[in-house]
Amino acid sequence: MKPFKLASRSDTNKDTLVAIPMPERTLFIGQGYCTIIAGPCAVEGRDSYLETALFLKNIGAHILRGGIFKPRTSPYSFKGLGREGLAIMVEARDLTGLPLVSEIMDVRDLDYLYEEVDILQVGSRNMQNFTLLEELGKLKKPVLLKRGLSATIEEWLLAAEYILNGGNPNVILCERGIRTFETYTRNTVDIGAVPLIKHLSHLPILVDPSHATGKWKMVVPVAKAAIAAGADGVMVEVHPDPDRALSDGKQSLTPDNFRKLYEEIEKLAALDNKVIL
Amino acid sequence: MKPFKLASRSDTNKDTLVAIPMPERTLFIGQGYCTIIAGPCAVEGRDSYLETALFLKNIGAHILRGGIFKPRTSPYSFKGLGREGLAIMVEARDLTGLPLVSEIMDVRDLDYLYEEVDILQVGSRNMQNFTLLEELGKLKKPVLLKRGLSATIEEWLLAAEYILNGGNPNVILCERGIRTFETYTRNTVDIGAVPLIKHLSHLPILVDPSHATGKWKMVVPVAKAAIAAGADGVMVEVHPDPDRALSDGKQSLTPDNFRKLYEEIEKLAALDNKVIL
Amino acid sequence: MKPFKLASRSDTNKDTLVAIPMPERTLFIGQGYCTIIAGPCAVEGRDSYLETALFLKNIGAHILRGGIFKPRTSPYSFKGLGREGLAIMVEARDLTGLPLVSEIMDVRDLDYLYEEVDILQVGSRNMQNFTLLEELGKLKKPVLLKRGLSATIEEWLLAAEYILNGGNPNVILCERGIRTFETYTRNTVDIGAVPLIKHLSHLPILVDPSHATGKWKMVVPVAKAAIAAGADGVMVEVHPDPDRALSDGKQSLTPDNFRKLYEEIEKLAALDNKVIL
Amino acid sequence: MKPFKLASRSDTNKDTLVAIPMPERTLFIGQGYCTIIAGPCAVEGRDSYLETALFLKNIGAHILRGGIFKPRTSPYSFKGLGREGLAIMVEARDLTGLPLVSEIMDVRDLDYLYEEVDILQVGSRNMQNFTLLEELGKLKKPVLLKRGLSATIEEWLLAAEYILNGGNPNVILCERGIRTFETYTRNTVDIGAVPLIKHLSHLPILVDPSHATGKWKMVVPVAKAAIAAGADGVMVEVHPDPDRALSDGKQSLTPDNFRKLYEEIEKLAALDNKVIL
């Protein structure tokens, strides 16, 4: 028996379906839905975020992403707009009707993030921040759990187990690349993790090709690979002007390239009878 | 300027097309052709190899693989049938009209392998066997160059450069998984290597999902991912009775699963306007 | 210029000396002092902890370690005694006069851990828990910062920079092994990190051979290697009865083996004119 | 039972002692002898090699190293002087009485290298060049088997097994760093490999801190660590003028620094009652 009892497929033959209720309709992740999450790495300002959000909505993105607390390797890097950024994201939700996903780094932010954000993201650096996982287990809010930079599949599923064991069944996994010796790319996407997770677990799995590769030219091919391998969707960075992004510009798609990405994924989803609403 | 001058895309804007002349028709790899190489890990006996070869031919495989010299971690493992195995492969070629790829481990075998094998494979353990690369550079015979277990993209292209620099332009790259900390899978397929190689080089690139994952259930999803990411084809292990294989049974497809693989790849190739003859 | 401005040796030619004031005497780490931290992985009970503490004190250990909040990969594993364990550690300090080091996992525990613990440990899973680092930067309490499981040297020093930049100069680094493909050992000690840190930074560096190797037979040789490479000390796990330990028994030294370790380190310290009080 | 039957300690409780007979005296490796191998990365010219050899002999080095066939990642790098370099090495042996170690890359060179070289080195890239290992197994000549760049301990011992199984008991292992994600150093020395090999096998093990770190400033500390961890010796690069070296200058010790290394190792060897003749 696997050590991740609740995350394990052996517990249930039914794939988890995560529901995100929105005023106009309920959005679903998993069970044959193909989900596209998009947005800039960090919320940098009101106008550009709203503009990007509208564009993404029009193309067909399902969920808006945006960092308001950015975990930065250096204490001297831009760390996000904080609650000011959150207000901008909320405005974008009102404008577009799209749900929001944003990263939580500190249990002390949970109270108000819980109110405003539709999916709470746990970043790769916090995948084993067990006190944070335990708090998220007490809620019913969906959690997007990124794989740690050098986490094994088993450790990742055990991190999910912390949340499930707390009573929150709404866990979405997200492969975002692991650390290897390769230096041409930022990280190495473990594409095999997609079928392996599908084999071991009933939880939905997304792939983030932006953080994983660090190069926008690789984002579309790797996103296509993710869908072809069976992922339940992708999470990509889109910026209206990548060259001026305050963080992760090199890996951000322009709006035009996001359109291409969307079209490619649509075709692949159709091939596997996946629903892309 | 990149250190791999001849392998670099900057040298030429035209993708390499490797031609494999056969009595009935010439087979091509690269430039929009989608190539499927299949066969058992090792040639184990005449009847089973010929039977498998016919089956693969009927489904649509383009090239027959088969190990006759197997690089084995332990000196006590089955190391292949050697020249006896080669005779069986040649018989299969006569029977099916399909070209042969087999691994060369020792420069001293070059003379007769050169005569009988259509593509000489350099395995991952020999990617930096520079004396072998230099000998292969003196020929025109196509070389399938597998990526070393922990080779960077740059080292891999520099290994190709050894062959190109010797005067042999017919190099086909093959991603077969790199070594990471993950223990559920045998290796980790670096799917990003596909678009990266396409960006850096004009050489064709295949993916071997069998060795890379070590689990047959992951072979079809990862093969699909490879094609979706832009690979020029895949190389898979097929065995009529995987449970009885002398090596790599766990990662071998049954003939039935190979048929499914073929159908899936056909659909993906069509989506990207690739030719799968 | 290095991105870790305050942690960088270029800022100052003087090595950091961390002082830990105790009633009887002030203990120092760095600048030629050779420090030995010892204790069980987790505090499991009053009697065994006090007995171990007395033994360690008698042999010559300088600091007592003991986990009261254990970061465990699985939610089902023993997670420490919490505040009950802390009370036992405090009793051991009163009994032995030795300072205490214990891990902090949650910023919300800081208030009372600050009062009772002499060195706050940040575990490898929290090396990039930036909100925790920022809180620790506001104090003057010494922080033992373990290297993340797959952290580069630069990321590690930038994590230290968070604390230094907050205003807390008392950072002690601790190499505890990185994750590699090797499966015989739990992790791989990066012994080169010791001279490299000494070259790049003025901060003291310890090595934890217990977590790094996962095998008690390797602890003494690797601890010796650490001192010979220039480390400012070691941190080891000692358990009165390793076979019955609730966590990490396989890597714990018996009291007798700890005595041998102490004697070996004493000889090596003398060779390099290091002070082992 | 371990898969490396002959390399395994379980086969014999006696450590292997490798004897290298020289006109004046027989040199031994293993069983408590502490051996220092030194020389430039590549033999670059007669005068500088002879001068370096004499210097090394005077300080106390036991064996001269020198590359005459250099495995180079790029086909455009300096690849050694070949047989001309060998003649220079032989002259140095006549001059100093010290035995020679040099790398063999091609089985076709075996005939004459066998005659002239006292220890045949198998480089990390050829650790799994099984046809080479099989040829070396047919001889009695000592073989210095470097660990592959990403080889597990088990694979390494199985490579040794190929040689032992062929009938040649004279295998010396050499840890030279493994590939990890760290970019400040060339490779990561796996110091734990030393006690682990001592635990698993009866074969002697050396450490090469020059290739492993890629930085001369780290060579002395890591060499000390190796001896403290129980290694049977070290293999270091020394160059009369590192800034002008045709390969690996950055990791080469000056003659003065080699003297310091020798003195440090002498003290550590004495501590563990090792013989450094």
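Quick notes on this one:
For reference, chains read A, B, C and D in written order, and residue numbers begin at 1 within each chain.
Just so it is clear, contacts are C-beta pairs under 8 Å (C-beta built on N, C-alpha and C of every residue); 3 or more make two chains touch, one makes a residue touch a chain.
Model, not experiment: these values are computed from the prediction.
Note on subunit A versus subunit B: their Cα superposition corresponds to a rotation of 180 degrees, in steps of 5.
Chain centres computed from CA atoms place C at the largest separation from subunit B.
Computed from the mean C-alpha positions, the centre of subunit B lies at a distance of 35 Å from the centre of subunit D. For this pair, subunit A with subunit D, the centres built from the Cα atoms lie 49 Å apart. Residue positions 150, 154, 179-181, 183 of subunit C each touch two or more of the other chains. By the touch criterion stated above, subunit B contacts subunit C in their complex at residues 179-181, 183. Of all residues in subunit D, only 3-5, 71-76, 105-108, 125-126, 128-131, 149-150, 154-155, 158, 161-162, 165, 179 touch subunit B in the complex they form. Taken together, the subunit C residues at the contact with subunit D in this complex read 150, 152-154, 178, 180-185, 188-192, 194-196, 198-200, 212-213, 215, 217-218, 221-222, 224-230, 267-268, 271.
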